[in-house]
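Labels run A, B, C and D following the written order; every chain starts at residue 1.
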Amino acid sequence: MTVPLADAIAEHVHDGDTVALEGFTHLIPFAAAHEIARQGRRQLTLVRMTPDLVYDQLIGLGVADQLVFSYGGNPGVGSLHRLRDAVENHWPHRLAIHEHSHAGLANAYSAGAARLPFAVLRGYRGTDLEEQRDIISRVTCPFTGEELAAVRAVNPDVTVIHAQLADRDGNVMLWGITGVQREAVLAAKRAIVTVEEVVDEFPEHTGAVILPNWVLAAVCVVSNGAWPSYAAGYSVRDNDFYLEWDKISRDREAFLEWAAANGLPPQKENSHV
Amino acid sequence: MSDWDSADMMNVAAARELKNGDVCLVGVGPPNLAANLARRTHAPNCRLVYESGAIDAKPRRLPLSIGDDDLAATAIAVVSVPEMFNFWVGAGRIDVGFLGAAQIDRFGNINTTVIGSHADPTTRLPGAGGAPEIAAAAGRVIVIVKQSPRTFVEQLDFITSVGYGPTGRERRTRSAPDRTTEPTDAEPTGAGPMGAGPTGVGATGAGPTGAGPMSAGRTAVGSTGAGPMGAGPTAAGAMGAGRTGAGSMGAGPTGAGAMGAGPTLVITDFGVLEPDPGTNELTMTRLHQGVTVEDARKATGWDLKVAESIEEVPPPTATELAALRSLRNRETADA
Amino acid sequence: MTVPLADAIAEHVHDGDTVALEGFTHLIPFAAAHEIARQGRRQLTLVRMTPDLVYDQLIGLGVADQLVFSYGGNPGVGSLHRLRDAVENHWPHRLAIHEHSHAGLANAYSAGAARLPFAVLRGYRGTDLEEQRDIISRVTCPFTGEELAAVRAVNPDVTVIHAQLADRDGNVMLWGITGVQREAVLAAKRAIVTVEEVVDEFPEHTGAVILPNWVLAAVCVVSNGAWPSYAAGYSVRDNDFYLEWDKISRDREAFLEWAAANGLPPQKENSHV
Amino acid sequence: MSDWDSADMMNVAAARELKNGDVCLVGVGPPNLAANLARRTHAPNCRLVYESGAIDAKPRRLPLSIGDDDLAATAIAVVSVPEMFNFWVGAGRIDVGFLGAAQIDRFGNINTTVIGSHADPTTRLPGAGGAPEIAAAAGRVIVIVKQSPRTFVEQLDFITSVGYGPTGRERRTRSAPDRTTEPTDAEPTGAGPMGAGPTGVGATGAGPTGAGPMSAGRTAVGSTGAGPMGAGPTAAGAMGAGRTGAGSMGAGPTGAGAMGAGPTLVITDFGVLEPDPGTNELTMTRLHQGVTVEDARKATGWDLKVAESIEEVPPPTATELAALRSLRNRETADA
């Protein structure tokens, strides 16, 4: 039931797609992100609550034209320098920004997963984020007259996540901090999951999310596929790399050297801009 | 007389409509029997979803309620009821939904709420349950109901679930997220003695009896001007085959909120009715063995439309009857 | 951390309250319902997706003035005769009905749990249920113009559920079919939980719901408190009683005999009507 | 000079504001340190909630991110991020929310988004994260930020999170569901050397420095004419004490969506600012040891308001400093 990661990316991720790679600190699908870059995808709209290093890398490589996000920092370390360089200096090219709060983007995924066009939340009121009227608006409660925030649903072309386990039928199980992965998968047209390993039977885990095989386009075995993020029960977060990234990413040359050393080709041109 | 009755025939006919890989929302009563019969005969990989939250349940015995522990214990996943209705039923992830009816009209609209007025009914029925959203969002709906003039009525006392609407023209279909993987086993679809029947063309298609011309194959995807967030709800998830077909009224965000093809099949103790491709009026297209058109007309509270060429439903096979009895006796599949 | 059930009901359930007893076939809090009746509560607004036998009993006893529900049958058996008698014949008194679909009431609880005044769903369109404009209405998506259903939030004064376990701190764990219990508890002003037993540490259970003690008003140990419903891992559903109830409940006299035999006093008067 | 610096003082002062039983939403950086310091000193039963989904986490070592496995492994429950924001943060179940700021104005409004214009910023900051909804819905908000004219600005470049609004008068509070059980241990609240500070009156009260007269004690409940479904959102969950206080602008469904009392405390490296009870203008009420009013004024980009009677913040105790160092060295609590 599993396929090689390269095949899954080749088949399901296309230039210009809206792509969500999710995982809240935990289970970030780095290996899949690198495969997307390796295959030269471009003009992607990247969606992710916390861009983290994984999107800092993709943005620096020029893979993305647009970014939808809610918090763009290197957790506990500082800035995402490639993201900042793209926004502040348009390097390697211009990056359009659509930004939410966590509550807003989480609800946008949830609406997408329910195939509703929008979600309602109590948020955003009085903030300048509301000026992004194409993604954040207001609705009035028909019962009380209260005005609430509305966010446009997010429905990625492709969502990619990393999980601990698949079973022989290609059903997937993840546990620990599971973030917004279920909603992101169910909101997508196609979902790819990389897993640590395939087992005969799932263990019991309170808080686990299980995704049946028929909502998934591809399952790929990629051991340690979340590094430098982690998979609870399989690995620990490589906090040193998060610190090291601060140095690598500060400098364009150092970043390009890192990319070259990892076989990740920069996309120099952007025909859209 | 044979060793089966009209109730058996209804359950068997309904079971035959399920195919391997179908995601089937199962309620109590005949649907429960039909779906588990399909799993024990020609469609072992039919995926049973119960509105109690059990996804891909594989009950070892016929469950007596939709909340039996056997469903939770054998399901791939158990989700909350809000999640079931928002992320699974409402999102259009159900291929086949079964409904019952206390009253049904010629356009497949259903009443399960009251006889008489809602404020002061002569008979209080159980109510809606999951039916309105299943009726709207399931890829196709199969109604299982005994045919009688009291049930097949000219005018419903209350519309609980919408079929094709009061005039047969109100239903609009929407894109729905289709599964992205194919059924997991290689068994041919429609392996039962009748095949999958006329509504079962393709694993996810609504079939030629749907509300209008169906788009076939892979629906165009890509962002259709909905801004940076992807294609937006009108094209959301329109990946698989078939169900995206818009019907003669066209699809789009101003539609009536329905996603699926509607009640493509009504299975009764007299035979099978299907909506007319032009008007959506329920039309008797098949009769059970030993039933005449005249019988069916007498059991219908309106001037029943009958297909020009009417087929006979093949009677239950020995295999089907044995499986049915085993289920009714609550034997396990291995017994 | 636990209190006797009688004390919890006495303190937290008052005449006239809106009370939700939840549990979808599984984990129905029958013992708590009987204690409510035993203490003579009246004029309650009862909320429950599937009234089941538990509300058939309370309605027959005259405890309720109003019922909010989405499916009122004896699952797999037939009618709820006490509910029907109340609606059709106003016995023992008139019962006001507010009815949803499952999707609608589940979302109404979810909105209540989020302290939002309403929830959006794609449902109800074209049904006569929509005529209940005080609880079902419509909203328009500010992004696409699509019109969707809206349901008024449900916020019970008290929600009561039954669960398998509490720990020594009064945190609660339930698993198996968990229905809408989390949402119903979080939507309530006060929540009471009866549990099968208290343990030192929770086991691992995929799909379990855990409720921290600070969202609960009272935890009571009531072994087999769900009978004739069941608690997965502790008991099986008493299907025979569900069949037997069909006979008991068909006849007013047989019902009153059952009530007397179980120490459940009927509330004869209803000052509201 | 002492054996502590202004960063230590900020963390210690913030930790002291947490009480046993407080439900505290913890973000990365100083809040993480302050909350865990409180747990290791005077408030061992302070309940830590991380927006990654961990509820009542009891980290054995200082987590380096809000997604550390130690949080999930030691939490009472781990929920999804949508659930965290809808059912916990948005529903008003957080007593204390900590926020940082790149810019803050005199009414406690915060920018963490951009310096310059949003379309073409000179400095792109991380963005909103959970802050806007924490700022709106937490029972009280504590801002931890270093004081400088670049940070304490007359005019924000961007409003990411609302304090008391652009003129200090825009905040309206709403009912919120309070916990229904009391803190689980008997330790007196406010056990730190300063007590809980002036904002910490009662376990759930917003305190006298809130936006206006606070209703005390048990708020009236009961259905207020909202129909059969209970009291509706305006009274929903208004059971516990204190937080229901409406503020001078009144509460109700037409309010600005805020539930909590707002930024009742801003803790800096110079001291502590609190909103003026009348105008909500941030007012320097306490100074750290060795800091003068003049120092604070120079570090503020507007004409800083100073309380008539200004107190000195007691310096860190030896116990506090030891716990702080142990946390920074990522030692376990038992070590």
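FYI, a residue touches a chain if its C-beta (ideal position, glycine included) is under 8 Å from a C-beta of that chain, and two chains touch if they have at least 3 such contacts.
This is a predicted model, so every value here is computed, not measured.
Ranking C-D and B-C by contacting C-beta pairs places B-C first. Centres computed as Cα averages put chain C at a distance of 37 Å from chain D.
Chain D has its Cα centroid 29 Å from the Cα centroid of chain A.
Rounded to whole angstrom, the centroid-to-centroid distance between chain A and chain C, based on C-alpha atoms, equals 39 Å. Across the assembly, chain A contributes 110, 114-117, 121-122, 134, 141, 143-144, 146, 148, 152, 182-183, 207, 210 as residues in contact with two or more other chains. Touching of two or more other chains is recorded for residues 77, 86, 90, 232-233, 253, 259 of chain B.
If you sketch which chains touch which, the pattern fits none of the simple shapes: not an open path, not a single ring, not a star, and not all-to-all. Two chains count as a pair here when they touch; such pairs are A-B, A-C, A-D, B-C, C-D.
Residue ranges on chain C touching chain A, taken from their complex, read 114-122, 134, 137-144, 146, 148, 150, 152, 173, 202-208, 210. Against chain C, the residues of chain D that register as touching in their complex are 21, 23, 47, 55-56, 76-77, 86-87, 90-93, 175-177, 179-181, 184, 221-223, 227-233, 236-239, 253, 259. Partner chain A is touched in their complex by these residues of chain D: 28-29, 51-54, 64-69, 71-73, 77-82, 84-86, 89-90, 113, 118, 121-124, 126-133, 136-137, 158-162, 165, 170, 232-234, 253-254, 256-259. Remark: chain A residues 24-26, 49-50, 69-73, 75-76, 79-80, 83-84, 87-88, 97, 99-104, 106-107, 109-110, 121-129, 131, 141, 143-149, 176-180, 182-183, 207, 209, 230, 232, 236-237, 239 touch chain D in the complex.
Taken in their complex, chain C has these residues touching chain D: 1, 16, 18, 45, 47, 66, 68, 96, 98, 108, 110, 112-117, 134-135, 152-157, 169-171, 182-183, 186, 188-191, 210-217.
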